[in-house]
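So that we are looking at the same thing, I have put the structure below in structure tokens.
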Amino acid sequence: MEYNDMELMICLASRYLEDNSIVVVGTGAPCAAAMLAQKMYSPRLMIMFEAGGIGPMLPSMPISVGDSRTFYRALAASSMPEVMETCQRGLVDYTFLGGAQIDQYGNINSTMIGDDHEKPKVRFPGSGGANDLASLCWKTMMITPQDPQRFTEKIDFITSPGYLTGPGAREKAGLPKDSGPYKVITNLCVIGFDEETKRMKVESTHPSIEKQTIIDNTGFELLWADDLTISEPPSPEELKCLREEVDPYKYIIGRA
Amino acid sequence: MEYNDMELMICLASRYLEDNSIVVVGTGAPCAAAMLAQKMYSPRLMIMFEAGGIGPMLPSMPISVGDSRTFYRALAASSMPEVMETCQRGLVDYTFLGGAQIDQYGNINSTMIGDDHEKPKVRFPGSGGANDLASLCWKTMMITPQDPQRFTEKIDFITSPGYLTGPGAREKAGLPKDSGPYKVITNLCVIGFDEETKRMKVESTHPSIEKQTIIDNTGFELLWADDLTISEPPSPEELKCLREEVDPYKYIIGRA
Amino acid sequence: MENFNKYTEERTVTYKPTGTGKLYTDPDAEKAREYFRDKKPRKMVEKATTVEKVVKEMISDGDYIGIGGFGANRTPVAVLHEMLRQGKKNLGLAGHTATHDFQILVAGNCINRCDAAYIVGLEARGLSKIARKAVESGTVELCEMTNASLTWRYKAAAMGLSFLPVRCMLGTDTEKFSNAVEMECPFTGAKYLAVPALYPDVGIIHVHRADVYGNCQIDGIMIADQDLARAAKRLIITTERFVPNEYIRRDPSKTIIPYYLVDAVIEVPFGGYPGNMAYEYFSDEEHLKAWLKAEKDPDEFKEFLQRHIYGVKNFNEYLDTIGGMSRLQELRIQENLIEK
Amino acid sequence: MENFNKYTEERTVTYKPTGTGKLYTDPDAEKAREYFRDKKPRKMVEKATTVEKVVKEMISDGDYIGIGGFGANRTPVAVLHEMLRQGKKNLGLAGHTATHDFQILVAGNCINRCDAAYIVGLEARGLSKIARKAVESGTVELCEMTNASLTWRYKAAAMGLSFLPVRCMLGTDTEKFSNAVEMECPFTGAKYLAVPALYPDVGIIHVHRADVYGNCQIDGIMIADQDLARAAKRLIITTERFVPNEYIRRDPSKTIIPYYLVDAVIEVPFGGYPGNMAYEYFSDEEHLKAWLKAEKDPDEFKEFLQRHIYGVKNFNEYLDTIGGMSRLQELRIQENLIEK
């Protein structure tokens, strides 16, 4: 069955969200992955939104993490501090982020391009809740297309913390122990983080993607898992569910 | 018209609660004073209870500051931190306290008698919210019978702060500026606090009470206002309202 | 544009532990995070159980407990009684206006330490003789506290922190016998008292409605329960009645305690008796008066406890000893201000 | 009994102001207390007024404002439009997921500084060209922030404090360009970031229901409005509809903003349009798209603003320009998931 990059990334991401875990998501691909997970594997995956929605029965893809869909028939309609404090208290397993640049330690830039904060070359929205979620949830995942500008040795601005400068750096900075980046899911491969060096390590390459293509699309040196595998492509069931139930209007999967 | 000490104290106290101010009260005499003020002079006096009740239409005297009467047809049924933070933010004008001992600076003991905290001679309930209210509300008032054991040079335990050791001591301790004891209403007189020394200063003596009686019933030296007056006794209207509407079952006024 | 940054340079400040009171629980937010990660049930599974079972399995001798409600208002009495029957010992207690709850635990000789904001009294009802004796004899060790400090200590924990700055207790003996530390504001230099986060081993809360997963609604004031529910390592809920999950989802803004905070939930009708349960039943002032009276004579009190607690199997049987549904209906009528 | 007090001796610690960002508002809790004492209306009097009047009298050039809701959800749009018409200048803004609100204020050239958690974007809808340009050109100065930090800065103010410790921003460039200070816990020694309390000069919140005194109800999520309402020195409420005071008293647990926090209240039906108002109407995605499109051409955008904001007298006239009740009814149907 044919699929596009976005469909592939969403399907792969959804498989990491095990049943009965708690995930804070934003709009777009992360929300689609969480909805797909809920429908396919993890019926009791608990979805939270940073503006206060907790455990909704999502009738459709939210446009905003604060819109009324995010608490439609929800378990609780709370507040931003309630959700952020639940993260800070250590109850949230996963979060999903995106960004304009990412480095080998999983640090993410969603603030600006350039070297002058007062007059940036390009301004992006900034952290929003991204820095908070990357700081406070246990495991941070990313869904992002991969190219050398995006996967770069030095990002222009660390908006949200990955492993910062490497092993021990998060703890030294005062961030919660044992938290940090978990998986990066791109259009080329699935990347984890090496336990010792905290650097990106490719775990599986997508079907028909060459190792060299991944190297060419990365601005820093990648590690490779000893047991490097081929990513399991989306199943017909996953695609059917994604296309017919999760995103019937192709808001997200139409973007690829 | 005849009246007892409790009726006198409640009527005098009620007159200090001007309309449209906010007061946090406990059960007993303070609550009666606030209810009387509301019915007689200050229809929009805003009564709060530390467990969360805000602006109730009190159907009767509450037994507990957390019972359901404290938020009967209230403006808000909130929480303890909500009320305490409203005090800390500086929105609450008055509070009323009681206690076992009080010194010339208005420091109050409601914790223990004795000098060994581990084995007190007599244990009382402790602060409850008293210390918080005395620290955070603008003006603290007390309703208390007066005798030399109660009005004492050195109290066994400072549960709630008055002016501590005198001028500037509250500020030095870190307590909010310009807050502190305001009036002490006893069965003998109404006492204010001298602006310069922060010591108790008698402002008015109750009808037929001799100055010497007050001195004999106080364990420290009192200051006396230059314009010392005679307290205005309860009016027939006040007594009627107190007896018929505020406390018809004589829960409080029957105690005197 | 004005810049309100007063301090732009690094500076050293002093932290002064001015309170000599003990810290009965670990305020470490990292350790709490680990506990919550590993032990808090994320599974939305049915958690309905019995009071007997939950007291046996979830409360151990020596635990530090936090009790919901406010003394004799929305108090989880059924669990407290069962703790007596099972003879729980050496418990620590967060005593924010602990009135009838404190009295019950002292009657069972269950506690040996307490963060004491308000104890031994029953508000307008008077003082408990046995509670006073327990404190005056040193049987129960105290760390002095205030209602606000204690609620903010829960709040610190609920926020996932190890402390919060507060402006009460300062300058008093309450501070001296507390476990607080004097510090200053990084921005203004103002003096603050830091209070340590309070993560109780067990929280016990009585609510109006819950589903079997533990999603809870409370009517009226919350007191400190929104924070206690979040601070507690293990959380036991008793509820006046179970409702379907669908009922919870109908008005999600009413959910004050979501299921993932809850370890066990038990339906206990009239579970706040003899306390007041807002909109349900008023406190039984006669029974509370009988308690205080019985305390005055050790033999009579023993008999009283036997009749109402030790001699009955469970909370429903306790309700029988006080007059059953007839009495409860009177309290319901009283709560709802219905003229008879 | 174990004592978890790690530090029993006085000790010195270091406060490090690691953020170079400005502090646009005074975090001083003492000054806020004085303001609240002297200027906050305790009187429960009728506060109904008009948008024109309130913008004229309560918002001054240079003020720092906090906007309720979440970008294009429950946003007080009527007040924002009027600020443009009255040509307010040099305002500061608390930008926690500021989307359509930020876009409006930039369109009117009203702001020159911002605590920026999320700006220039409209979430899934894309980025605003004019908003980007305002930031990239330096017209709007930024202090970097995060959504959680900003909500906790409101909370610090709501609690009557001058700071709160938090665990986010640490170690990043977001911290470096923030106004935070590194410090440590008095009990555990753990590293924290202190964020300064944020007391905005003006808070503006749109709610579902209010009485004329300003007692307010909000349905669904609160976002940060429970804290913004308490933190703001002056508070302007717009409400979908007025209700009698008796309605508020019927369910006091619904009152999220009590009257004594409120300085003015105005009935503005559909006042959150073109944003989403939970249970009332969905966001008008077509109109928001038209905004973004119009921004691409300066002349077209000028015309667009003239048609919808500058050329109309008030919010009701604005609603006429977008299709009036017919369009609003469509959005209501959409919000309530009614199949046509």
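Note that the chains take the letters A, B, C and D in the order they are written out, and that residue 1 is the start of every chain.
By our rule, a residue touches a chain if its C-beta (ideal position, glycine included) is under 8 Å from a C-beta of that chain, and two chains touch if they have at least 3 such contacts.
Here the structure is a predicted model, which means the values were calculated and not measured.
Q: What's the fewest number of moves from subunit A to subunit B, given that each move must go to a chain touching the current one?
A: 2
Q: Give the chain pair, either B-D or A-D, that is connected by more C-beta contacts.
A: Of A-D and B-D, more C-beta pairs in contact link A-D.
Q: Between subunit A and subunit D, tell me the centre distance in angstrom, where each centre is the average of that chain's C-alpha atoms.
A: 28
Q: So how far apart, in whole Å, are subunit A and subunit C when each is placed at the average of its C-alpha atoms?
A: Roughly 39 Å, centre to centre.
Q: Whole-Å distance, subunit C centre to subunit D centre, using C-alpha means?
A: For subunit C versus subunit D, the centre distance works out to 35 Å.
Q: Which parts of subunit D, given as residue numbers and ranges, touch two or more other chains?
A: 29-30, 141, 160-161, 166-167, 190, 192, 220-221, 252-253
Q: Would you pick out the residues of subunit B that each touch at least 2 other chains?
A: Subunit B, residues with two or more chain partners: 71, 77-78, 81, 87-88, 136, 176.
Q: Based on which chains are in contact, what kind of graph results: line, ring, star, complete or other?
A: Contact map by chain: other.
Q: Report the complete set of touching chain pairs.
A: Taking the chains two at a time, the touching pairs are A-C, A-D, B-C, B-D, C-D.
Q: Which stretch or stretches of subunit B touch subunit C in the complex?
A: 26-28, 50-53, 59, 63-68, 70-72, 77-81, 84, 87-88, 107, 111, 117-132, 135-136, 157-161, 164, 169-170, 172-176, 251
Q: Write out the stretch or stretches of subunit C touching subunit A in their complex.
A: Residues of subunit C touching subunit A: 29-30, 32-37, 40, 42-44, 157-161, 215, 230, 248-250, 252-253, 255, 258-260.
Q: Would you pull the subunit C residues touching subunit B in the complex into a rising list?
A: 69-74, 96-97, 99, 116-121, 123-125, 127, 132, 135-138, 141-142, 144-149, 151-152, 155, 166-174, 177, 182, 190-193, 220-227, 276-279, 282-283, 285, 335, 337
Q: Within their complex, state which residues of subunit A touch subunit C.
A: Touch list, subunit A to subunit C: 20-22, 44, 46, 54-57, 71, 73-78, 81, 85-91, 93, 136, 138, 176-178.
Q: Inside the complex, what are the residues of subunit C that reach subunit D?
A: 1-5, 7-17, 22-30, 92, 112-113, 141, 160-167, 179, 181, 183, 185-188, 190, 192, 194, 196-197, 219-221, 252-253
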